[in-house]
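What follows is a pair of complexes built around subunit A, which joins subunit B in one and subunit C in the other.
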Partner chain A sequence: MTGASPNGQHPGTVSGAGAVSDRTATGVGSRRILVTLGALLLGVMFAYVMLGPVIFGPEQVWKALIDQADEVFHRISVWEVRVPRVLIAALAGAMLASSGAFLQSVLRNPLAAPATVGVTQGAVLGAVLALAISFGTEGALDDLNAFVPMAAILGGLLAGGLVYVLSYRRAGTDPVRLILTGVIVAAAVSSVTSFIVLVSGSHIDSIVRWLVGSLGNRTWEHLVFLVPVAVLILPLVVMAVPLANALQLGDASSVSLGLRTEEARAITLMTAVVLAAGSVSVVGGIAFLGLIAPHLARTLVGSDLRRLLPCSALVGAIILVSADLLARVFSLDWIPFWEIQTESGSRVPVGAFTALVGAPFFLYLMRERMR
Partner chain B sequence: MTEHEPMMSDPAFTTDHVSTGYGSHVVSRRLSLTIEHGTRTALVGPNGSGKSTTLKTLARLIAPLRGAVYLSGQDINRLPTRQVARQMAILPQVHEVPAELTVMELVEQGRFPHVGALGMLRRRDDEAIQDAIGMTRLADFVHRPIDTLSGGERQRAWMALALSQQTDILLLDEPTTFLDVGHQLDLLELISGLNRDRGVTIVMVLHDLNHAARFSDRMIAMSAGDVVADGPPAEVLTPRLLRDCFGVEASVVPDPVTGSPMCIPHSPIFSEDEENAANG
Partner chain C sequence: MRAAGVVAAIVSLCALVAVVSLMQGTPDLSVGEVLEALFGSESEGNRQFIVRNLRLPRVVGAVVAGAMLGASGAVMQDTLRNPLAGPELIGVSAGASLAVATIIAFRLPFPGIALPIAALLAGLATGTAILSLVSLKSNPMRMLLVGAAFTALLNALVIAVITLAPNFGGVSVIYRFLVGSLSDVQWEEVRLVAPWTITLGLVFLLSGRPLNILKLGDEVAEGLGVGVRRTRALLFASAVLLVAPVIAIAGPIGFIALVSPHIVRRLLRTSDARIVVPLSAVIGAVLVLSADMGARLALHPHEIAVGLWTVVLGAPALLVLMQRGLLRRRVLS
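Up next, the complex of A and B:
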């Protein structure tokens, strides 16, 4: 006898509780949200390919995509510049947001993000180190060479690993220790980065774009680096979803459910670290995205990672693609007295945009949710 | 009503000279206990007596420093933990409440020990979940986020999670602590019903001695890590135990309705040491 009575409100319920939405009521509801977000992402991506210094119509984009462009520069602009860049933006945004969703669940802290546990800073340090070293060598001045992403992902993994090892006591780690250690490691790593920035004065422009995160000059070469990382980590992502779901109930409940808690935490954290390090290794230290995207996703589909993770990934992709689209639009020459063109031809880095918009937006979100 | 009773000949729990504690801090030494299947046991004692630590050791939440805990005859810390989770569920004292997780999403997780991590990727809604929700009267709340529920409803949701594990043994660590008296009785009735109707073995830590006496077959009183009294409530709950173990002068009278022993504490007795400690 289950006696399910679908007539909604219990008579004895505290007033006001009835206002709580039923958004996670059915799988259909959240599935519709995911499909809508997917369509939105495709829309923004298409708009991204259309817009730029030269605006293409849908037909021109299509012709360029199927290699029948009217003019050669259409094909180059679409196929060599905008398409790889938008794909990188979508994938890197999705990875960073997924990392944040995992971290917030496993660390049981709504403020957790790749940057609060030092992974972003570690990856940025790796990239900056690689840049600083390659300045001496000939022809290695741009951030196109694969050496930089390699060093970045290594830096991110090392920082994440260091946080885990330093948090380990006797039987394992715990969320509070992980976060405290993460904050300290992040600060320490950042100070090393600052030092390198100070001593390598002449190429500071290239380094700063890594610090704030940029999609400038990103092309197939970078995508070829990012895709294998994403593909290789995918099985772990799938595995980590149910583990993180149980871990967010607390360690005691996880044990009750038959999890090897520390192992589950290590798997989930490692997944989050690889996702974030991979993302940062190609686009740099994009601010706030790993924090805000999972928050937004949570308001849409709730906290169950089976829905939260795909939703966070989509929201993260949409945000980064849109932010870079805006960054490009605002960098255009038609805006008067707006000349933030740097020597290497790249314009306002997208990271500057997410940082500028992200902080107030995050404050707004927190205020809304605290009510 | 005996059809659900487990057919295991070994006791639900045996501890063999178990020492428990945290790191170098030993809470309890050489504890030897046997808890039979189908019984209701209440662990009582003052704060810091080791009752919660003992329960956590039975629950494998902490490993014994020495000795071993046997679950139905097998060393609990050597069994695969998921196999243990199919036999025993735990209602911990403190829970993390992820914002926006619904009751259904919480209760679903109870199927983890049965279907494994990959099985949990798809939505689960089987008989065990429906049964757990029915037992805890949460049918109207399944799609509500847990953090919007009242304290009583919330504790019932966590009970439903434990119930959906469908285990023969249920361990509860101060399940009634944050509830008002009505919800306390409600929860204890639910727990006793599980024992009576389904033969579920209950081991619980309770602070309220009168509830412990009324809702258990056996009370184990602990003090400073040792078992100081162990037996039926009528034998354990005595003025002497209350004086020696809890430091209160109290009368014990039979409950006029249920007949179980009921204590009425009058005044605390502090030894000089404790008074010094309290002042220092």
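Up next, the complex of A and C:
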């Protein structure tokens, strides 16, 4: 695959005579954007830790973080509840958004996302199946064990592979056919998930998590399952970036550049699947994030994946952390006109908020892109 | 001759499935017992109650829902000249369901009778929005894609509404509004939907000719003196009118409207709308009745929403249709 590395520079060279200076200019510009986004992410994460049923000042948070809190419950609240949850939100959001960035580039389709090619639903089915088999008792789908991320990846690969095979034709895989097949397979797969969820008689919380995604009750023990997936996939992500960059030029160009398109596509799609499935296994199928974050990132830094991917990851993390911040704020009882009963610990799922925020944006996107 | 035979077979199949559906459950009843409970005046009280008040409304609800969905799909496919059209695929069902879910979840002060109307308005709004995004002449697959994206969006909003509602309902509530379930259908719901079946009759009587003309193409239809735009809008509205009351009582049961007309066209080898529309209604009734039996019995004691069955069975059918539809387009163009 070494033949692919020059292809990555192709978008820069086609842009005209002053390509080199253009690229360095955007390079500096995008570096500044990335740094700004990183700072923004840290800021949102800090605000996340401050806000909650009890609001902490920055000083109190800092003291709790360095383990010198004035009171024990500060430390517990910060370290045991909010910090792990915000870390999960950031990591899961980044992974989902990166997956979406890969998918949109490789399938060259603005509507591509883990959820529209069936990967999210397949991963959810895998995770739910693993939980139902390993526990098999009432309400078991709320727990997590080591098999779940693996089963989710397997499920995502199987569903994605099924979509790939069903949409495969002699001439290769047509992007439109691929995504349409994905939507249909996704519908069938999530129905099967619902069968299992209903038969296992699980709690409403876990059903909502698997349907729309939720960060409720996620703590360190769940982060432990997310981090290894993220670390292990990193080399593959680095390797897939130049391949995806070549593929987004279109099949004809990438063939003429000496790329084996089907092979390269398989590698990049698999990377995307693992990224999405890892995130799904811990937080469920978060709606719209994998679709929107790459679009926002593209307007900031363009479509060269070397810049687009880190930017998407940051944007995805920022969106998920802020959405969950909103979800937690709306779950509080102190808003007078909003009588939410948090019976048995159920909270407004973050997936509901990404959907509510994503809806207007999504409509806008359809208008612009389907023309 | 063949047509008459097929029609008789389909109608008697519908009656048969209805009776079988009345027999199944706890306790299992024989044919004689069911008929006695239905028609006998001095039948044993308990059994009569079970059949007449628990099973019969649900069977009637399933028949009405299936019939209206099937007819709606037939009308919509011919109106839009798109073999992949159906209320569930172009977002109409999801939009209507969102409206009903909002009213019920937030306990908005609407009388029950207003539910189908709210569903109708929301369905029309989403349908129009989607049709304004995709032109009729574009690829059917593109319309399908936009509709699917819209449906995903609206479903997420349904979940948001249900979880944001002050009285967070149980699992069955979520599935009723997402995929459709007949488990809440009692006589009250049947009474709610009953007046709307008059649309079914009107559509049977009046839609056949204009649909057949629309299928000839816009130019030919104009030449025959039919106002294409107005006719199309009216027919589309009547298709939504058929779906809305079903969604109000049972939710967006999927794939019935899409698949039934194709089954009829296949069986009778005709695309004459005067035949396809009424028979799609009968086939739709058979399909919903059978799926609802699966919902009640297959994983007993768990009741699985009927819409989940129709999706699991209908999605492969859609895949097949999609592949063949594409091939046909290639041949034409």
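Details
In the analysis below, the second predicted complex is superposed on the first by the 282 of 371 C-alpha atoms of A that agree within 3 Å, B and C clash if a C-alpha of one lies under 4 Å from a C-alpha of the other, contacts with A are read in each partner's own complex, and residues count from 1 in each chain.
By definition in this document, contacts are C-beta pairs under 8 Å (C-beta built on N, C-alpha and C of every residue); 3 or more make two chains touch, one makes a residue touch a chain.
Please read all numbers here as calculations on a predicted model, not as lab measurements.
In the superposed model, A:I55 lies in contact with neither subunit B nor subunit C. Contact with subunit C, but none with subunit B, is seen for A:F288 once the two complexes are overlaid on the shared chain. Of the two partner chains, subunit B is the only one that A:R306 touches; subunit C does not reach it.
Contacts of A:A252 after superposition: subunit B is touched, whereas subunit C is not reached.
Legend: residue contacts after superposition of the two complexes on their common chain; A:V72 is shown touching neither subunit B nor subunit C. Contacts of A:M239 after superposition: subunit B is touched, whereas subunit C is not reached.
Contacts from subunit B toward subunit A in the complex involve residues 23, 59-61, 63, 81-86, 88-96, 98-102, 105-106, 109-110, 112-113, 117-118, 120-121, 123, 130-131, 133-134, 139-141, 143-145, 148-150, 161-162, 165.
On the side of subunit C, the complex with subunit A involves touching residues 133-134, 141-142, 144-146, 148-149, 152-153, 156-157, 159-160, 163-164, 166-168, 170-171, 174-175, 178-179, 254, 299, 302, 304-305, 308, 311-312, 315-316, 318-319, 322, 326. For subunit A in complex with subunit C, the touching residues are 111, 115-116, 166, 176-177, 179-181, 183-185, 187-188, 191-192, 194-195, 198-199, 201, 204, 207-208, 211-212, 287-288, 330, 339-341, 343, 346, 348-349, 351-353, 355-356, 358-359, 362-363, 366-367, 370.
Residues 1-5, 7-10, 13-14, 17, 20, 22, 24-25, 27, 105, 108, 110, 170-171, 238-239, 241-243, 245-246, 248-250, 252-253, 255-260, 298-299, 302-304, 306, 369 of subunit A are the ones touching subunit B in the complex.
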